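These notes open a run of structures that come right after.
Look for chain A in each of the two complexes below; its partner is chain B in the first and chain C in the second.
So, the complex of A and B:
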């Protein structure tokens, strides 16, 4: 029983980790609490649905369109909303309110076009595989494989010149500009990359379990909790946080009930904020510095 | 006529909610995402007192204020030590936890089934069960709330709150403890929100947890962001616009299936445009600049 639950948790956590990594990269490097990350998740989900069902196109094309759509929406949010707010040197909370506006607009536009009801892409029960003593579905394996690929790609990127640039930009954007880089271009690239990660997670998840216009909200909340649990100061924090949350949720469902899952998730958030604000990976800091 | 009175009752209830959030968000600068939780705590506290113990509405109302204020310390003591985004996340966490408890502790709150048959408020034999009598009740409490927030914020206490909002270190330099003032402001906001909750329960005569969600908390913030906060008129402007707008859309013959989505898109556009071009909202004084 336990290995199966851990495997289920790990596979759910793998998808959490991907979307949370996108949120974490944007939050850590631009300081924007990107509430609209949830809207981008929903956009990718519905683009996949639109492509696969309405146009009946070959699936890799559908996936590519959905990912491009996600990245484009992220860039649009930066250009139309965050940049003017940032130019005004407003408090980060102003960007948060603007971001919530984007979320509200996009999600209601989608509901207006596609309706509020749940849509599914895969009828019936999924094909399963036996791996040792645990049984996994095709989409669980796909999700985990994608997670491994994303992880490898991320660590290769982090070691590269551009990866070091991202770290430098997160620590001190002004200094990066002094070195001759264009901060606006870097921000655009960050929003594109972060949104791409949201898109990847969204596509795999909704192909498996379907979607309604509010899927993005839970993805966003999970991402925010994962980033806090793992540690805000490190990009890897979101990955660790996502996997840990997936496993903890799976164990809560087993020990208690699925009804109490949210209460546990957010209790973990509050406990971390109060007792370990630097997260699992972070070094000990004073509360004021976080 | 009853339709008009219904809108007036809702304006009254929302005025109490937004003015109490104004104290926390507008005057103290704390972007709390758990105001709907205290609204819900007020509604459930007075409902359970009335239905389980047969307590009179007005006694239950006072008890619900006390309960909400006491529970506010559970939220504020851990979260008020956090800053900026982290305070927002902490209150968001508590909002989700409190909603989860209301929804899942079925033996106590009846969870998703809700509580029907809440008695109408009565005072010395007079029962507030007609729309016109309820308008006078909610309007009276709304006016009391506006007066209370005005008195508090124009006193020395209110000026300290504004100082903390603008510059916390400066407030410490003049010997005021920011944590004490923030905790008090947060508790007062929670207590007043409980009044709105009790009035809502007595008016609808049925409550369930879906009225007290994260989305409701975010809606209250939206009202303040659009109308403005940090003064008395901002929340009034915001409340009137956002409570009346859905009815205007109804008169424009927009079908009911799409009206809620169009309404939310209009709110969202207003939110984005205001936060870029006019962060203080339509009539406010403070806006996270």
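So, the complex of A and C:
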């Protein structure tokens, strides 16, 4: 039983990590607690569904449209809500509330158009693969493979010139601007990239288990917990946090019961906030460095 | 001057609204109906509406009640307790109906029953089966039997028809799933079965693989999984993918044509307890109903249409006997005995009925009635 639970946990954790990485990049570099990340997750899921089921289009096109849609929605949130708020030098709380507003608006709009009910892309039993005593669906495997690819791509990006720019921007946006970069363009790129990651996670999850308009909320909550667990100060924190959460959840089921899963997830959040606010990867820093 | 004019205007408006509201004898008897017309449970609302409309058509064709037409005022609950609350407020405060058919889900009915009771409005559910509703009060009725009966029937079915002695229970963690799961566990253990595992799931959950992995490990011969159709369908799909091929037995909450839209072939080999039609008790009424339904909509009614249809006829009968007031209807309901499509409807002092549950098997995209004559204490099925 344990190998199967761990495999499920790892595959779930891989998807958590991808969506959390998107959330973490946006939070770390723009300071926005991007509640609407959940809405973008939902939008990507429904675009995939719309493309594949309603228009019956070739699947790579459907995936591309969904990813572009996610990135575009992220940019739209920045342009229509976060930028005006930032221009007025409002507190981060204003951005948070604005973000929550976007979430509610988008999710209710989707529910209005597409209905509240659960939808799956393919009814019936999907293709599965058996390795020893472990059975995984093809989309669980795909999710894990995508995670590995995302991981490699992210580390290559981080080493590149643009990656260093992102780190620099997160540490001190004003200084980056002084050096001649356009901060608003960087922010747009960050929202596009973060939303793209949410889209990737959403699409695989929809193909694997299905969706309703509210799936984005749990994805968002998991992302936020993963970022805190891994460490807010580092982009890699979200990745580590996501995988750790996935595995911890499977261990909780192994030792206790499914009904304790959420209790443990959020207890971990509280424990980290109180005992290790810098997260698993973070180092303690002096106040001046923050 | 302007404000004065606005004051006068609003007073005139208010008075005219009050006058309209107080217009005395209604020219038609209105019955409120709270059901999910939109949202994920809209198929249930559609079935309810078919049954209700058919019943109204029949009553009005026969001359109404005491020469007065009857009509329904539909309010959408979207399957959510909160929205059912809004619907109730509207029906009580704006339409001032003395009697309401609804709500659909147990959670909805439980959310609004207290208010209906304190406002002394008769609330009559044709589908909510959670046990707790029994104790809310005198104005709360239902023509469906409770979950404890349903769980008992399921337990006997597993042991006697499927001949399986070990079961795992995976129930939805809400009023409905919990009471049904507990009833099954209690009865199954009492008649010699063994419960190997107990797990829960939440409404809206999408990934059930952790719980199913645990259940698979215990090798039960049957899984009892009371819950709503969306979650149950996903459970079936993921269970079959994990290689769990044993029969699944669920409750009436999973009975929906949309189950197959999600579970597809994974639904094969699953069984559902469902409120009974009046076969053997009121065959004539059943035949009449099936015939009328086919003429009106073409096709077979589902059981929720039948119960809603029957409920309206019972309410109409109560209005006829007790008058169009909530107290009159309430008192008449306690006294009447009605033979209809769902068998005999006769209320005990809690406003509850005693009726059997049937079993349906999901097979190739359809629910088929299982022919099963139980031995022992369960009163069930033809």
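Quick note on the criterion: the second predicted complex is superposed on the first by the 282 of 290 C-alpha atoms of A that agree within 3 Å, B and C clash if a C-alpha of one lies under 4 Å from a C-alpha of the other, contacts with A are read in each partner's own complex, and residues count from 1 in each chain.
Following the convention adopted for this analysis, a residue touches a chain if its C-beta (ideal position, glycine included) is under 8 Å from a C-beta of that chain, and two chains touch if they have at least 3 such contacts.
Being a predicted model, the structure only gives us computed values, none of them experimental.
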| item | value |
| --- | --- |
| Touching partner for A:215 - first (chain B), second (chain C), both, neither | second |
| Touched partner set for A:81, first chain B, second chain C, both or neither | first |
| Contacts of A:29 with chain B and chain C, given as first, second, both or neither | neither |
| Chain B versus chain C as contact partner of A:109, first or second or both or neither | first |
| First, second, both or neither for A:273, with chain B first and chain C second | first |
| Contacts of A:201 with chain B and chain C, given as first, second, both or neither | neither |
| First (chain B), second (chain C), both or neither touched by A:98 | first |
| Partner chain(s) touched by A:228 [first = chain B, second = chain C, both, neither] | first |
| Which superposed partner A:259 touches (first chain B, second chain C, both, neither) | both |
| Residues of chain A that lie at the interface with chain B and also at the interface with chain C | 259 |
| Of chain A, residues touching chain C in the complex | 1, 4-5, 8-9, 12, 115-120, 122-126, 128, 130, 135, 137, 205, 209-212, 214-215, 249-250, 253-254, 257-259, 261 |
| Of chain B, residues touching chain A in the complex | 31, 78-79, 81-86, 88-90, 92-94, 96-97, 100-101, 103-104, 218, 221-222, 225, 258, 260-262, 264-265, 267-269, 271-272, 275-276, 279, 287-289 |
| Touching residues on chain A, where the partner in the complex is chain B | 33, 80-81, 84-85, 88, 90-94, 96-98, 100-105, 108-109, 111-112, 221, 224-225, 228, 259-260, 262-263, 265-267, 269-270, 273-274, 277, 287-288, 290 |
| Interfacial residue positions of chain C with respect to chain A in the complex | 38-42, 78-79, 173, 199-201, 204, 206-207, 209-211, 213-214, 216-217, 230-231, 233-234, 237-238, 240-243, 258, 260-266 |
